[in-house]
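There are structures below to look over.
Okay, so chain A shows up in both of these, paired with chain B first and chain C after.
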Partner chain A sequence: MAARPLRIVIAKAGLDGHDRGAKVIARALRDAGMEVIYTGLFQTPEQIVQTAIQEDADGIGLSILSGAHMTLFPLVVEQLAAQDAGDIVFFGGGTIPPEDAGALKSAGVRAIFTPGAPLQEIVDFVQRECGKRRELVG
Partner chain B sequence: MASHVEPRRFYIMKQVLRDPAAEPAGGAKREVPAPARAGARKGPGSGAVDRTISDVPLKTVYGPNDIAELDLTRDLAWPGEFPYVRGIHANGYRDRLWTMRQFAGFGTAKQTNERYHFLLEQGQHGLSVAFDMPTLMGYDSDAPQARGEVGKCGVAIDSLADMEALFDGIDMGDITTSMTINGPAAIAVAQYVAAAEKKGISRHKLGGTIQADILKEYIAQKEWIFPPRPHMRVIVDMIDFCTREMPKWNTISISGYHIREAGSTAAQELAFTLADGFAYVEACVAAGMNVDDFAPRLSFFFNSHIDFFEEIAKFRAARRIYARHMRDKYGAKDPRSWKLRFHTQTAGCSATAQQPENNIVRVAFEAMAAVLGGTQSLHTNSMDEVLALPTEKSVEIALRTQQVLAYETNVTNVVDPLGGSYYVEALTDEMERQAEAYFSQIEEYGGVVEAIEAGFFQKEIAEASYRYQRSIESKDRVIVGVNAFVKEEESHDIDLLKITEETEREQARAVQAVRSRRDPNAVQSGLERLQRACRDPKDNLMPHLIDCVNAYCTEGEIVDAMVAVYGRYTERSIF
Partner chain C sequence: MAHQEAIDALLRDFAARKPRALARAISWGESGRAAELIRRLYAKTGSALTIGLTGPPGVGKSTLSSALVRKARSFGKTVGVVSVDPSSPFSHGALLGDRIRLTEHFTDEGVFIRSMASRGHLGGLAGATADAVLLMDAFGLDVVLIETVGVGQSEIEIAELAHTVLVALQPGSGDSIQVLKAGIMEIADIFVVNKADHPMANQLRREIRSMMEMLNFPGWIPELVTTQALAGEGIDDLWGAIERHVAYLNETGEIEEKRRQAFLHQVRQLALGRLERRLDAELSQDRSHGVDPYAAADRILDAFGGSPEAGGDDVRTARPRATVKGLT
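Up next is the complex of A and B:
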């Protein structure tokens, strides 16, 4: 019996219109056989988490290139906890300096991918981590 | 993970010399064989070396056959002559160097003002304002949408008070200012005029440029406010006002930069940008303006990416296409209306987070391409922009790069030094051919606005950017430090500039203070008159905007008043 494909929400938050990276990642995940929901621009953390819950998503990938990552990533983590969705694998990327990436990972973001990260590395991460989540949650 | 690759020499001189087409021409017509040399080069990237970064197939060498169609008088001429492919000035940079203009802005107006004083002291010629995201999207710093974004990507300008602080101690009649803002561009112009006039400097004396290119926002950058049609009306009103009242002001900077950064090819950047430019020309003419009244003050803004010759060809093609269309299609009679003037910025998307010092070298090549392509002004990116806002040190290196180029390399001595190169001329033709093909496609949609509404540009760009990323993944294309010549365990020891949360709180307090000390009646009546003008297409919006700004209406309030009439745009997401 074939398993239902992994389902991933790719999101853009705040006022940041740089959507090149988000779209490329969305395509790459889709090409790797996953179902991808792209939220479009200007979403609030609340909307992003709601979308993920409604779509029964295994993971959320958030892309931020505006410098607002230290505000918006923690807000999504907060929303995941508040809506009892902490099992959804939350990862992200963008122009994020290394020490901020470290801080975000400690705050509950599972991985941060910065410019130049190979697509395959991201695809592998999502398949591995969201696959584990699927096994646990079913 | 990328593995470590040994550096390799890429010389292929022997093969080139054996190519028959490389022999002296001697008038003999000989078909240059398309070289099939896959595997001629060993090492990373061997699969893609025969195409430009935008996928234009390349021959090993170019010869007379490749420019057989080129008519020297019709297609090339001299610099300063129609169709200006060789440049808009007969003497190139001998008469006047390009303007070194570094884009800057962060935090509060006061912080950015200090950076401006520093840049002017370093010998920079003009200022260039980067606004933060809330300002670009029409939100005040204390709006919920602004959380986490205030002062991050640029400076926060909420009201006239901020614009005054931004230019404190700077003679606005003496410098030129470029403002990179689009959705609220008309408001920014109103603020700039009001700030200068409060210092006693007439709007007639203000020199500079505002980007105000809303079409490319829908296509690529996504900083829109209203839907395309009413937004075009706002832009046309602004162009009309500036044409009449601000004789030294360049009314709009039609921008390919962001289209390229969003992942387009060089040909797409060229085609979509010029198509946007022509759409503004058509809109202004439709509004009753005479093309020769406004066209001389339209300018363009291009990206300079890493594929050296392709970029030069793109700049040259842009001038020729523009000149032809302006004269032959739009009937412009004044030669100034035929000349495409442009600003260039090196490609942010070509910079890498890995080994960021390498970006200094990339920027130098990209800057040289822009200069050999005849740019009128140039911004060189700082090496650390891929990581954060640039530090003062890295901004200085970027400016020094331009100075070395201008004063040491001697490339400024001869105009269009690559003119007549078989390769560059053939590639220039190819760029023009591809652009014309895109113009036909856009026309089939019914025009630029219709093509935007159909998602045409967005889809083309998404395709191109995905293809490009794939070519890096497969190592068909080498990016030094990213998929080849990788250093493991890389650590950054460059300082990064940080904007603190305190900036956001300070700016929010400041805008609230402005609201509490102004005359509420003037605010109310100003906004009402503005809304009436929004409903009346015959009433130019600009004088009403200047009134609102002078009453210290905030940007967010003005935008909200206009959104109440025009609505806010939402896009269909395509990936």
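Up next is the complex of A and C:
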């Protein structure tokens, strides 16, 4: 039996209408053979985490270009913990200064990709980390 | 087996109505590992109302779904949504975007939404859709809404799975011959003309009406409802039509036939899937040359232990079917 494709939620949160990056990532993951669930714009952290749970997602990718990353990323981490869903690989991208990216990673975001990150690097990360999660939970 | 513990744990969480357990169970269905789970949950199924929603891409199926979920929730009913989008035949990946129209229900505990990639399955659904419907039913959801991929004219598998089939159509998408064509136009219990604000909405209504006048319906006569799902208009009418259809199914006892049909459909699918894998295995071993295809087929079927009937090859029955309704 063929392995079930990885399932990844790609989300946009808060008051941020710039979804080009999210769509490019969604497309790249799709072309790498993954099933990408796109939530659409203006999601709350609760909505994103509920989506990931119902979709049995292996990972969540959150794109933020509005400057609210220091608020929204930790809220998603918090929600994941509250829902006992810390096994879901949470990563993000956007216009995030290096010092913030460092802080977010220590707060539980597994990776932060900034403008200019090669798509292949992102695809490889998702395949590797979400693949590990899949091996654990089956 | 080691798997047994995982099943027991999942069933415990499932019984405690944890959404994660339902999500996991559906994933098991998608990877063909739900047999034991379904066996143990099957007695709990049979109470959900299943509504199928189909129509061409962009007609507003997800927007209609969202409006119907809102309506069902206003009566306090819990709702499951299974929404199918196509998988890429090249990468096997998929972009599942139906949730975009359903965001208002994401944090409603009475709503469970699952996007599903078709994974090469034809017919407008995914191979695991039937499992997902059973699992949502066993989970105790009152209504299960099944949204097909955006369909063309002949993907009518939904008619086998759903109790009530809604066919959504959009104005301005073809002349009067389109509504006369076979396939999707024959499976509707309710026609939904969405985007009622479109200048050609009335014309489409007239065409559907005159098409129906030409036909002879032995039982249920399909209803025609006009909606503008985005504005929530016509949804009361649509819900009313669904209720009338369900009442009809219950009064005539046809609901039992529908359940039987959905059951047989899944049995047929499962059996076909297994046969196909066996067949593929045989075919990969097949080294016959110099024989005609019929003789080669005979030889392979002999290996299955069943002697094929001569002249029994009917290519018309070689594909998944759907019951054709509304025609006598």
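Following the convention adopted for this analysis, the second predicted complex is superposed on the first by the 138 of 138 C-alpha atoms of A that agree within 3 Å, B and C clash if a C-alpha of one lies under 4 Å from a C-alpha of the other, contacts with A are read in each partner's own complex, and residues count from 1 in each chain.
Here, contacts are C-beta pairs under 8 Å (C-beta built on N, C-alpha and C of every residue); 3 or more make two chains touch, one makes a residue touch a chain.
Just so you know, these numbers come straight off a predicted model, no measurement behind them.
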Following superposition onto chain A, is the placement of chain B relative to chain C best described as a clash or a fit? fit
Quick one: classify A:G40 as touching chain B (first), chain C (second), both or neither. both
Thinking of the overlay built on chain A, is A:Q127 touched by chain B (first), by chain C (second), by both, or by neither? neither
Please indicate which partner A:V24 is in contact with in the superposed arrangement: first for chain B, second for chain C, both, or neither. first
One more residue to check, A:P118. First (chain B), second (chain C), both or neither? first
To the nearest 10 degrees, chain B and chain C lie apart, as seen from the C-alpha centre of chain A, by 100
With both complexes placed on chain A, how many Å separate the closest C-alpha atoms of chain B and chain C? 5
Please write out, lowest number first, the residues of chain A touched by both chain B and chain C across the two complexes. 26-27, 36, 38-40, 42
Given the complex, residues on chain B that touch chain A span 1-2, 133-134, 136-137, 139, 145-149, 152-153, 217, 221-223, 261-263, 349, 351-354, 386-389, 462, 465-466, 469-470, 473, 479, 481-483, 492, 496, 499, 570-571, 573, 575
Touch list for chain A against partner chain B, complex: 14-20, 22-24, 26-28, 36, 38-42, 66-68, 70-72, 95, 97-98, 114-116, 118-121
Hey, which residues of chain C end up touching chain A in the complex? 6, 19-20, 22-24, 26-27, 30-32, 87-88, 91-97, 99-101, 103, 106-107, 112-115, 117, 119
Show which residues of chain A lie in contact with chain C when the two form their complex. 1, 3-5, 26-27, 29-40, 42-44, 46-47, 50-51, 53-56, 83-85, 138
